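In the two complexes below, chain A is the common chain; its partner is chain B in one and chain C in the other.
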Partner chain A sequence: MNPEDVRTKLAAAGAPGIISIEPFEGVAARVKFDPTAATALFPIVRDALGFPHLSMVGGIDWVERYEVFYLVWSDPAKTYLLLSADLDAKAPHIETASACWPSANWHEREAWELVGIQFDHHPDLRHLLMPDGYQFHPLQRAFKLHEPEDLEVKVRHV
Partner chain B sequence: MSEMWINMGPQHPMTHGLWNLRVRIDGERILDVDPEMGYLHRGIEKISEDRHYNEVITLMDRTCYVAGIAWEHLYVQAAEKALGIAPTERSDWIRMMSEEFQRLASHIMWYAAFVQDLGLMSPFLYGMRDRDLILDLFQSYTGGRLTYEYMRVGGVRNDVPEGFTHRAREVLDWLEPRFVEYDRLCMGSDIFRRRCDDLGVLKANDCVRLGVTGPMLRSAGSKRDLRKDRPYSRYSQVEFDVATADSADVTGRYLVRMEEMRQSVRILRQVLDWLDSHPGPVLADHLPRWLGAPYAPIGREAYLLKRNYPKGVGLSAIEEPHGEACAYVVNEGGEHPYRVKFRSPVFANLSAAHHYLVGYHVADIPPIMGSVDVCVGEVDR
Partner chain C sequence: MSTPGPAVASVAKPAAAVVGPGGELPIVSSDVSFVEIETLRSREFIPEAKEALSALVKEQAEGKLIRPVFNWAGRNSLFPLHWGLACCAIEFAAAFGARWDAERFGVVPRSSPRQCDLLIVNGTVTWKVAHKLIALYEQMPEPKWVIAMGNCATGGGPFRTAYSVVPGVDKLVPVDVYIAGCPPRPEALLDGILRLEALIRERGA
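Coming up: the complex of A and B.
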């Protein structure tokens, strides 16, 4: 599968919000999309393009914007596809992918707490790796190592 | 009976690492589970943003403490793509050999720990005995037994010593009959079968939906193995079969891992033959000193000469002993990676815990979680 195949299939399925489809080493293509079209695009990628397995969700802080990327895998085509969307720097948010790929659940929890991207309508957006009540997003560029943080850990009683 | 939540962990023999499995039970039946992670979170992705490319390799050994060299392999491949560097051919074969030895060591470690979870003590000792031979091999060419710091961007630190392939073949010759003994101890045991059959079932379509990969997915009949499907390193040049099972239960996962060990031995014999007849450099020679000076310590003094590489993004994916592992390295031209993101297979396998635990009994948790092969270091990173 190459970028042209991806373009043809996405167009045939009427995928909304596609900004660009470019080649990327090691994957079929990198598809940049408009985050407001996420809800409609994800099922098309999963069913029409045939990528039922979501490998990971990650976020990048580019200071002037955020990027969220999804790596999906297709068994018949034996290839990855990279989806990526640029998010607003002030309030980065995107619709959750866990309604489409349930495996996104934990990946999004991690991206939320470490990078600070809000996943709308996520079923269970709790802290995963950091303690409850942790107020920082360590993978943001503004979070510097070697600086003491004022951390107050809330203990959860079960 | 009334329902209640209990904590299995963070200090529990079942966890094999620091994590907490919260279980809601009614009597002995499991109604709900909620894995609680983060006890081992060291912020490896964040620390990597503050390290030179080769210094991140040190962190990779700590990512998964039973499969350190596989994670090194994952990372250096992504870093090389981000920097636009190609490894030498011989170093690529040595990396592949290292990964397969690591797979053997990891699976034997899994076997030892898993069978001990079932209450069988002697297989644990046999497993640890045999794994030690592989660690001896690692020590002979990397200097380390658990944390190797062996691979480099552009190759590996040093070639294997003289006589290594001979010793490695001796170890493989010793190991192969041991697998038969392992099988006799487990599959020949009625107690083992009654304990493990039809336990922790997760069908293939659920595995795909939930992101479960590795031996868990293959035990459900799927043939997905990145070494075959998307060959990296030199896997396209060796012959091996993908191990699968149909039962999708704990026994199936046991059978898949056992067969994978046999296939690893098969791959290793081919790799050792290749190494015998193809001498060559093990580190690319056009590297700047801060990346590749031979025998350079990993400390900062090795980076006096700095050169910026053009920007790039590298993505790599390997079939780690636990499943599909991915690395995403962003190079923005500096000496440090701008962002490093890892996909841990156990992270995804654990996130599906609800689907293979609910409905079984509390006493079934150790065998089921044992068959998942949890390595908390790579979940928390």
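Coming up: the complex of A and C.
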């Protein structure tokens, strides 16, 4: 499967919000899409293109924008497909993919926790790797590592 | 001998040699010198023993008599919690294997914190697991001790400035012995345990 195949299949299925389809190393193609069209696009990719398995969801802070990407796998075609969307840097948010691919649940929790991307209508958006009540998104560029000497630890004894 | 006390002075009384203390006990023996010494010893021993026993009973009321026994027994049968956090747990496990055999020091890992008096923090402590560590420590009965094994537990190790790692487990629980190394060898762990035993003897806890 090459980018032209992906373009043909997406156009035949009437996929909305496609911005660009370009070759990308290691995957069939990188599909840039409009985040507002996510809810309509995901089932088309899953059913019409035949990518039933979501391998991972990740987020990147590019300072002037945020990027969220979805790596999906097709077992018959033996190939990955990369879906990518640019989000607003002020309030990055996108509709959840867990309604389409249930495996997106924990990946989106991780992306929300570490990068700070809000996933709307997520069934269970809470901390995964950090303790409850953690106030920061440590993989954002603006996050500064603290010196342990400056750290004030408050222990609540059980 | 230069300053004889009352007991020595009574030795010099030959008349009391055939009679017991106070004169009420007739001594049936031909060996006068033997009888003399025995009666004198008994006479001095009874009030001394009374005094010593009453002092012991008084100390026992304060728990001073039995405490050294518990100290000796406790420091020679330290039960660490069977809890592995990171790669130091591999060395922890090796220390209880056939080659190093930490059980010859009475160190037996137990699976329940209720049965433990030693918490060996063997690995990186993240903020996510920090409250579990405190809960485990609080579940252990007193008296209890903590060994920070390896650089991560001692001061965060290579992850000292990381957002997710506790920079030293002594920020959470009181630590008695720190063991350096990344990871420390089983010999270092055994050395730390023996140092903790010396510490318990010294403190008298």
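The criterion applied here is as follows: the second predicted complex is superposed on the first by the 145 of 158 C-alpha atoms of A that agree within 3 Å, B and C clash if a C-alpha of one lies under 4 Å from a C-alpha of the other, contacts with A are read in each partner's own complex, and residues count from 1 in each chain.
Just so we're on the same page, a contact is a pair of C-beta atoms (placed from the backbone, for glycine too) under 8 Å apart; a residue touches a chain by one contact, two chains touch by 3 or more.
Here the structure is a predicted model, which is why all the values come from computation and not from measurement.
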Which of chain B and chain C A:W101 touches, first, second, both or neither: first
More chain A residues in contact [chain B versus chain C]: B
A:A142 touches, of chain B and chain C: first, second, both or neither? neither
Touched partner set for A:M130, first chain B, second chain C, both or neither: both
Partner chain in contact with A:V63 - chain B first, chain C second, else both or neither: neither
Shared chain A surface residues [contacts with chain B and with chain C]: 129-131, 138, 143, 145, 158
Interfacial residue positions of chain B with respect to chain A in the complex: 5, 7, 22, 37-38, 41, 43, 45-47, 50, 81, 208-213, 222, 224, 229-230, 313-317, 324, 326, 328, 330, 338-339, 341, 343, 347-348, 350-352, 380-381
For the chain C and chain A complex, residues of the former touching the latter: 127-128, 130-131, 134-135, 138, 155-156, 160-164, 166-168, 171-172
Contact footprint of chain C on chain A as seen in their complex: 129-131, 134, 136, 138, 143, 145-148, 151, 153, 155-158
Sites on chain A touched by chain B in the complex: 24-27, 52-56, 58, 60-61, 69, 71, 73, 75, 78-80, 82, 101-103, 105-107, 114, 127-131, 138-139, 143, 145, 158
